[in-house]
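Each chain carries a letter (A, B, C and D) given by its place in the written order, and its residues are counted from 1.
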Amino acid sequence: MTYVSFPTNKPLDFVAIGRLCIDLNANEIHRPMEETMTFTKYVGGSPANITIGMSRLGLNTAFIGKVANDQMGRFITDYLQRNKIDTTGVVTDTTGAVTGLAFTEIKSPTDCSILMYRDNAADLKLTPNEVQEELIAQAKVLLISGTALAKSPSREAVFQALNYAKKHGAVIVFDLDYRPYTWTSPEETAVYYNLAAEKCDIILGTREEFDMMECFENNESSDDKVTASKWFNHSAKIVIIKHGKDGSIAYTQDDEGHRAKSFPAKVVKTFGAGDSYAAGFLYGVMQGWTLEKSMEFGSAAACIVISSHSCSDAMPTVYQVEDYIERCNRNEITAS
Amino acid sequence: MTYVSFPTNKPLDFVAIGRLCIDLNANEIHRPMEETMTFTKYVGGSPANITIGMSRLGLNTAFIGKVANDQMGRFITDYLQRNKIDTTGVVTDTTGAVTGLAFTEIKSPTDCSILMYRDNAADLKLTPNEVQEELIAQAKVLLISGTALAKSPSREAVFQALNYAKKHGAVIVFDLDYRPYTWTSPEETAVYYNLAAEKCDIILGTREEFDMMECFENNESSDDKVTASKWFNHSAKIVIIKHGKDGSIAYTQDDEGHRAKSFPAKVVKTFGAGDSYAAGFLYGVMQGWTLEKSMEFGSAAACIVISSHSCSDAMPTVYQVEDYIERCNRNEITAS
Amino acid sequence: MTYVSFPTNKPLDFVAIGRLCIDLNANEIHRPMEETMTFTKYVGGSPANITIGMSRLGLNTAFIGKVANDQMGRFITDYLQRNKIDTTGVVTDTTGAVTGLAFTEIKSPTDCSILMYRDNAADLKLTPNEVQEELIAQAKVLLISGTALAKSPSREAVFQALNYAKKHGAVIVFDLDYRPYTWTSPEETAVYYNLAAEKCDIILGTREEFDMMECFENNESSDDKVTASKWFNHSAKIVIIKHGKDGSIAYTQDDEGHRAKSFPAKVVKTFGAGDSYAAGFLYGVMQGWTLEKSMEFGSAAACIVISSHSCSDAMPTVYQVEDYIERCNRNEITAS
Amino acid sequence: MTYVSFPTNKPLDFVAIGRLCIDLNANEIHRPMEETMTFTKYVGGSPANITIGMSRLGLNTAFIGKVANDQMGRFITDYLQRNKIDTTGVVTDTTGAVTGLAFTEIKSPTDCSILMYRDNAADLKLTPNEVQEELIAQAKVLLISGTALAKSPSREAVFQALNYAKKHGAVIVFDLDYRPYTWTSPEETAVYYNLAAEKCDIILGTREEFDMMECFENNESSDDKVTASKWFNHSAKIVIIKHGKDGSIAYTQDDEGHRAKSFPAKVVKTFGAGDSYAAGFLYGVMQGWTLEKSMEFGSAAACIVISSHSCSDAMPTVYQVEDYIERCNRNEITAS
């Protein structure tokens, strides 16, 4: 059954708006960052990672965002272009903003943390005037990411992008990606997340993220069905709620929730799991696959990324994902 | 014909959220403010004025807002109470914010201006947590005012109030009240005004205010019908567009626009015309009157206010408005 | 004996730098401000008041400061000019700053308070580039006031004015005028007050103000002699420490402290006492009078101001002060 | 001849206050940073580098500053301790500030640049209350660095440190270290640099830095003698003005300026030259050497640092500097 219909006459498969930054991944891992001496630079930021993932999977993609007018900003734009992502929507800041940074600390495969630099970050300076309507008009899917709602004027840019997507009939995906440190309070976050989510067709987030969005409501038992049905009363067709180790459930208006099997992986770190999952899942849905098959594809893509040192750079091709699934099916891959 | 149905089983007729401030009106008028030596203090702020107006007209009213912890703030709360307005929703700031001020300059009946003090204003510090759901749950009508959208956290408080009004079935009125000096840019304003207006049943504003809201759209000829039909696609039932001297037009989904006759007045100043019009018009609509009769009632209320020195303090009773209309009908009042 | 030598070949007797604002004095007094309905507008700000006082006493004066580009700012500049104060050093803000306000509340002659509006105040926007060296080069005396040190760039403007005064040999007077609400902390205040005071010839302040300046030191018994001798080790010649009802003491390097007799007054309010005292005292010192006679003259000037409704507007002429002293000597004036 | 007398009865040779940050040095050099993939982490910041240099030269040292409450901050404190620097004066921020970063780009030995992260930097959050008087009381020398004057409250902390140094008789060294991007304007910088320099015994800076400090003065030909004599009128005993390739000149009150010979070096990058020069020079002066010998020692120390990949980590011991000088004298080292 098809839950979401994608427009067919559009040249661009996918456009995302939001955070574009630099990951500085510890080279000496399995120790505290105090003892890390060298770092490797990668493009990062959840919507950037997902877009790179979609491009690796063969889709026609573009990005809308803002980069600093410095070596980091130029590296990002160049990397996107080398990954065949249209960057006509990526503007350069002129106010002296810097590129957001994320230093990663990998103490163990399951004990990872991030040290963020988000003060005066260029990606949060995108204005609604700088959002190119034409790019959204040409796209089948617009993905928004919660971090871009954290501050003005980026917040307004996202709402304007939603207006353009509604006007031109793009399917809208909301990756919640809630990062508390860039927000004033959970209540502020909830207000804007809810305003944005009302306009979205597909919503992906963790149970904790949906809990935050319900801080003014009565859903104290964190009932997934209550959460999903709230959004079905607005625009949503699919609501994916992630329960960590217990797996993800995709809710649709007509059923109890779709689950898919998971795969083993030799985990290096947990970063990037959500972004690669989102890319794989959305790719499947856009191919017209069942939700279960799409979720499986997303899970396998995530396994590949968490087995690697980087997030963006490790995003797999379709062949790599299919190969991974087959090797799992042949029991050639076991958990670390 | 009834365009808007009001809930009937609610104890409160009207609650407003937003700006609460002090007007300091020049006592020596018809001269530049440089030559004014004394000022008289009144409660001001568009939603406060409208609420005072509704209370004077005999409705059961309440206010949601924030006042400074000083003599000005206490004066405001006291004045509202003396006007029988429920102030359980008026909280007191604890951060050292001040009361917003508006010094008025009346050079001539048609040449009026305002000198605003809006830095660190207490009313803009209202948080979404401080909005009492219970007050909105008990109210037939919630009125929001555009100035309260100008800054966080007041902006979030208004969106949360809209959520409560939707949840509890209150009719929502949006008085645009656009004051450029408290906003970063017209584009920022347009984004939030549009997000709020999507949820409103009755929208009142000037042609220029609606133009600002359409800055991302193509309505270059400022066609009222295009403007109104945009909002009928969302929640609106009545859209009033004010054309200054050319009068106001109330649009409804089924017609060409309702107009009403206007009345002469001995104008002292133009301040307060919109607020008293809004109070009078909404009163009429809530009585089940025709739009034309409601608009006439609003116009007469406005005439009374612009013939006086203050805004809030001059808000008329039903008897005063009816009396004014009758005297006009007997040609006892002529324009100044 | 002469404690301070003033340059003789300079056309300007006195120039002050700093706060320029508006006082809004309650007309209905002896009640809380909540019950005050009208206010009268006066020029205010301690250094402005002192300069008006010096001009009324017949000296050739100028002011260095910044006013808002609005009706309040134009009123201030105009009032200074009407009081024969050179305003070529008064620049107009171009950033949208407002005029600082002080609403006065007079509950009783001894229970007075002020409600201040100091957010985004134009006077604190004066930059060091805007300080006209020529004005200071031509002046016998430069007076600085502590409130101008509260924020950048006004803080830097004052230090640059001190540099010019040192370079050109002006006598420097520091009126401490400490207003806690415009400062981040007493420690921040102490650092800049001490840096400025090191360069000053005459320092006037209350015992509490000197205590604040000693927050990093050991003068726990608030010993005046310890305080004064600290400044004699820098540039000071006269240090006046005010002890409220117990009167003021003028310290000089060679003695135990000069005191002067005080006068009775029919007190309306206490505002303005310090400013008129400073003007009267400095006038006397500049005439070559003894410290005692200068202090008496300052006290009488203060009595006149506190018997009136305004501060600036009540600043007396030499004749008025002499007349007041004579009437006191004839026992024609008794305390209220 | 001895130009500066150091106190002899103090247990600590040297304490510095100010910037403490992280250098991220490109590992792949001689290319634009866009093409750099990995970075190595070092402690950085001019006063931190100088203190590390002094400690390597065998002096008893301490640091006064503030670090972020994160892995970077803990790395810094730990590194200082491993270099035998007393860190009882290094406090940890509690407001969520981050560690300042400096990404270095080495396109060629003479074409180097820095990409700075200074927003919300922990070192600029040091308050005057957090400056431990006891550390300064015990030190022969206090070094201040201009970057710490860039923002409040660090600015006030430096002025308070100067007060303590004056009170306890420490020799005060001012390393100008002007970084325009952390300041509002050159005029703001000049005001505070001049206020600080008035209290200092030894001032080191480039000709361009002294030019900035003279922006309100007439020294249009940038005459070193005019510059130096200005400071001799205050507290200065030695003023070192650096003329880039033309070498440095040390001025003293009695002469024309001391120059010293320079040494060849195989330059990797220019960063750190000034810090190692300062450490070497001050070490010499504290040993009672002539200015010429001290300057030579500083030059040789600088040659060692600019021949290495890092700044802090390459700071030499006395043996290494002497060895370098001897090898130069034997012509074993030639310029790259």
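Some observations on this one:
The definition used in the following text is that contacts are C-beta pairs under 8 Å (C-beta built on N, C-alpha and C of every residue); 3 or more make two chains touch, one makes a residue touch a chain.
This structure is a prediction, so every number in the text was calculated from the model and none was measured.
Steps from chain B to chain D, minimised over paths through touching chains, total 2. Of all chains, the one whose mean C-alpha position sits at the greatest distance from that of chain B is D. In whole angstrom, the spacing between the mean C-alpha positions of chain A and chain D is 44.
Here the spacing of chain C and chain D, counted between their Cα centres, is 42 Å. Note on chain placement: the centre of chain A and the centre of chain C lie 61 Å apart, centres being C-alpha means. Within chain D, not a single residue touches two or more of the remaining chains.
The set of touching chain pairs reads A-B, A-D, B-C, C-D, using the touch definition from the header. Put simply, chain D touches chain A in their complex at residues 24, 27, 32-34, 36-41, 70-72, 74-75, 78, 96, 98, 101, 103, 105, 115, 117, 119-120, 181.
Chain C meets chain D in the complex at residues 127-129, 152-153, 156, 159-160, 163, 184-185, 187-188, 190-192, 194-195, 216.
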